[in-house]
Amino acid sequence: MPVSVLVLYDDRSAQVERLAHAVAQGAQSVPGVTALLRKVSEANRGDLLSCHALALGCPNWSGIPARLKAWLDEQGDLWEEGSLAGKPGSAFVVGRGRHSGLEFTLLALLHWMLACGMLVVGLPWSKEMERSGSYYGATATGAVTPEDLAQAQRLGRRLAAVALRLYPEEGRNAPGG
Amino acid sequence: MPVSVLVLYDDRSAQVERLAHAVAQGAQSVPGVTALLRKVSEANRGDLLSCHALALGCPNWSGIPARLKAWLDEQGDLWEEGSLAGKPGSAFVVGRGRHSGLEFTLLALLHWMLACGMLVVGLPWSKEMERSGSYYGATATGAVTPEDLAQAQRLGRRLAAVALRLYPEEGRNAPGG
Amino acid sequence: MPVSVLVLYDDRSAQVERLAHAVAQGAQSVPGVTALLRKVSEANRGDLLSCHALALGCPNWSGIPARLKAWLDEQGDLWEEGSLAGKPGSAFVVGRGRHSGLEFTLLALLHWMLACGMLVVGLPWSKEMERSGSYYGATATGAVTPEDLAQAQRLGRRLAAVALRLYPEEGRNAPGG
Amino acid sequence: MPVSVLVLYDDRSAQVERLAHAVAQGAQSVPGVTALLRKVSEANRGDLLSCHALALGCPNWSGIPARLKAWLDEQGDLWEEGSLAGKPGSAFVVGRGRHSGLEFTLLALLHWMLACGMLVVGLPWSKEMERSGSYYGATATGAVTPEDLAQAQRLGRRLAAVALRLYPEEGRNAPGG
């Protein structure tokens, strides 16, 4: 059974959806990894529990939009159960301004992951980061650019590569889980 | 005696210096307010204690550069004394990438101010924020643009206007100080 | 007409409610200021628009609980309109662990306020902060203690005192609004 | 050659030193892992480059103390080179107040790591977190308690277990490095 990367996203924004597809493409490009795309409106708790890695994305609504947060709130006490502990996670966010809280909303997603005991996988510096992407994850402001897609794919590949190392054998538990 | 706004900045970057000048111009444009520009290498504790409002700026070095933080660390236990409590403050930061930690470094400056009991004054949304500026303060990435300067001036004006309301009479103490 | 402080809170936690009452008491103790307590389930957009200052509180649900965020999301584009710009704001949060994201959830509330162009009023250091309260606002972990209530009252007084300075005359607009 | 965990800390605080020792003990307890304790005043760039995982600790000085930040600033453009990219990292911080910026200083350390392309390993929820530890790393406020030491050891074990998975064979490069 391959390692699976769940790409879960708040689908009210076409740009978020485009980034989600790019993250999934990046993950899928790693041999031994399968990417699973899910809109928040169609996902369930089982999707979260069964994945090996999670990429979570939304628009910047001065924090996580309530609809996505409501879905997360409704999945039970994941933080208390430790059901996701040890799984690697990444974030992607679309905003209107370049510095109008994009980083904070990425951080809010990463904070939720850390509260679930997850490991955080961001993006390292590259020349592209002058114009797109953050240490905290993939980004777009306004229209999605080729650089935005390249950074989102890179994030997906990176998350998948980490998941593959953490789960080298089927059924093996996460470290620190 | 007019209300004074201290614009204190880490001067190893020409862009930070340009933003500092724009913040000072904005503050100075408010009748009844005087702006005081100070490089960190030339400032002293008295400058901090005597100002009515503080704008603090630096480059994004994945947080506050050590040189500026060293200066802040050396000014004594301002947080414990409450010497700056109640004064309004603002931040400005220059970075290389659009979302590569610019917001976090602004937040680090604002955090230091809140730890001193200061009030935080940022920028409200405007059309310009699509390209420059943050809710957390003024910004530039790469070369300083006319929009960066406009946002920095706006921040200076806003900070000065707040200071003028908080200190309507000479020698009046800050509220909550 | 007196200056009004709106204390708005997510009322699913008895501890949040106790902190809300303490913040309101503190605000009300400042001559010339009226405090208005509102549960999120009973508040409306007019409450936000008509107040001079806002204190916002919730439990720590690894960020803002969706119910409160939904209410905030539904009040329209306050950030874009600038309807709250220039008003001072404060936050209070109740959590289960001492450092399990309490500060982050306070920051998430303050971030939303900054995104609306509001000014941030926190708590300065005091001996009590060794056990309760944050630079970001008032707190409780587990059962509400007398120190928690004292810090919440202090926050209310501080917010009210700032509001009184910013709005010395009836009907005067906020600076930087 | 075993997997090595570098525990690097600002040693001006006896409590930080005690947490550092506990993190190292936890890491060392994982078979196949060696912990290396280093005071910032004695560490060098080679220590950073050669380790497989990094735990970084300091007191809460309303952010990272300048002395530690100066050391980090002086190690060259690690973020730009990607020299640490893909390595897992953890943080620990000692403060005076329970919520007076402890989380923010942990976040500042994690932010620096993410800016270097590192992966972030925190602590999952446990009953102990009601009194000690954060999703962002290990903590102490005031005197170090047995719970503080237990959480610091847990963090060390967790970081070591993740490093062991990421580097199963000697000389293997980090994923996403």
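Going in written order, the chains are labelled A, B, C and D, and every chain counts its residues from 1.
What we mean here is this: contacts are C-beta pairs under 8 Å (C-beta built on N, C-alpha and C of every residue); 3 or more make two chains touch, one makes a residue touch a chain.
Keep in mind that what you see is a predicted model, and the values were worked out from it rather than measured.
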Number of steps on the shortest touching-chain route linking chain B and chain D: 1
Between C-D and A-C, the pair with more C-beta contacts: C-D
Rounded Å distance, chain A centre to chain D centre (Cα mean): 24
Whole-Å separation of chain centres (CA-atom averages), chain C against chain D: 34
Whole-Å separation of chain centres (CA-atom averages), chain A against chain C: 31
Shared interface positions of chain C, touching two or more other chains: 79, 100-101, 104, 111, 115-116, 125, 135-136
Category of the chain touch graph - line, ring, star, complete, other: complete
Chain A residues touching chain D - in the complex, by the definition given at the top: 79-80, 82, 85-86, 88, 110-111, 114-117, 119-125, 135-136, 157-158, 161-162, 164-166, 168, 175-177
Touching residues on chain D, where the partner in the complex is chain C: 96-104, 107, 125, 129-136, 139, 141-142
For the chain D and chain B complex, residues of the former touching the latter: 61-67, 69-70, 72-73, 79, 100-101, 104, 108, 111-112, 115-116
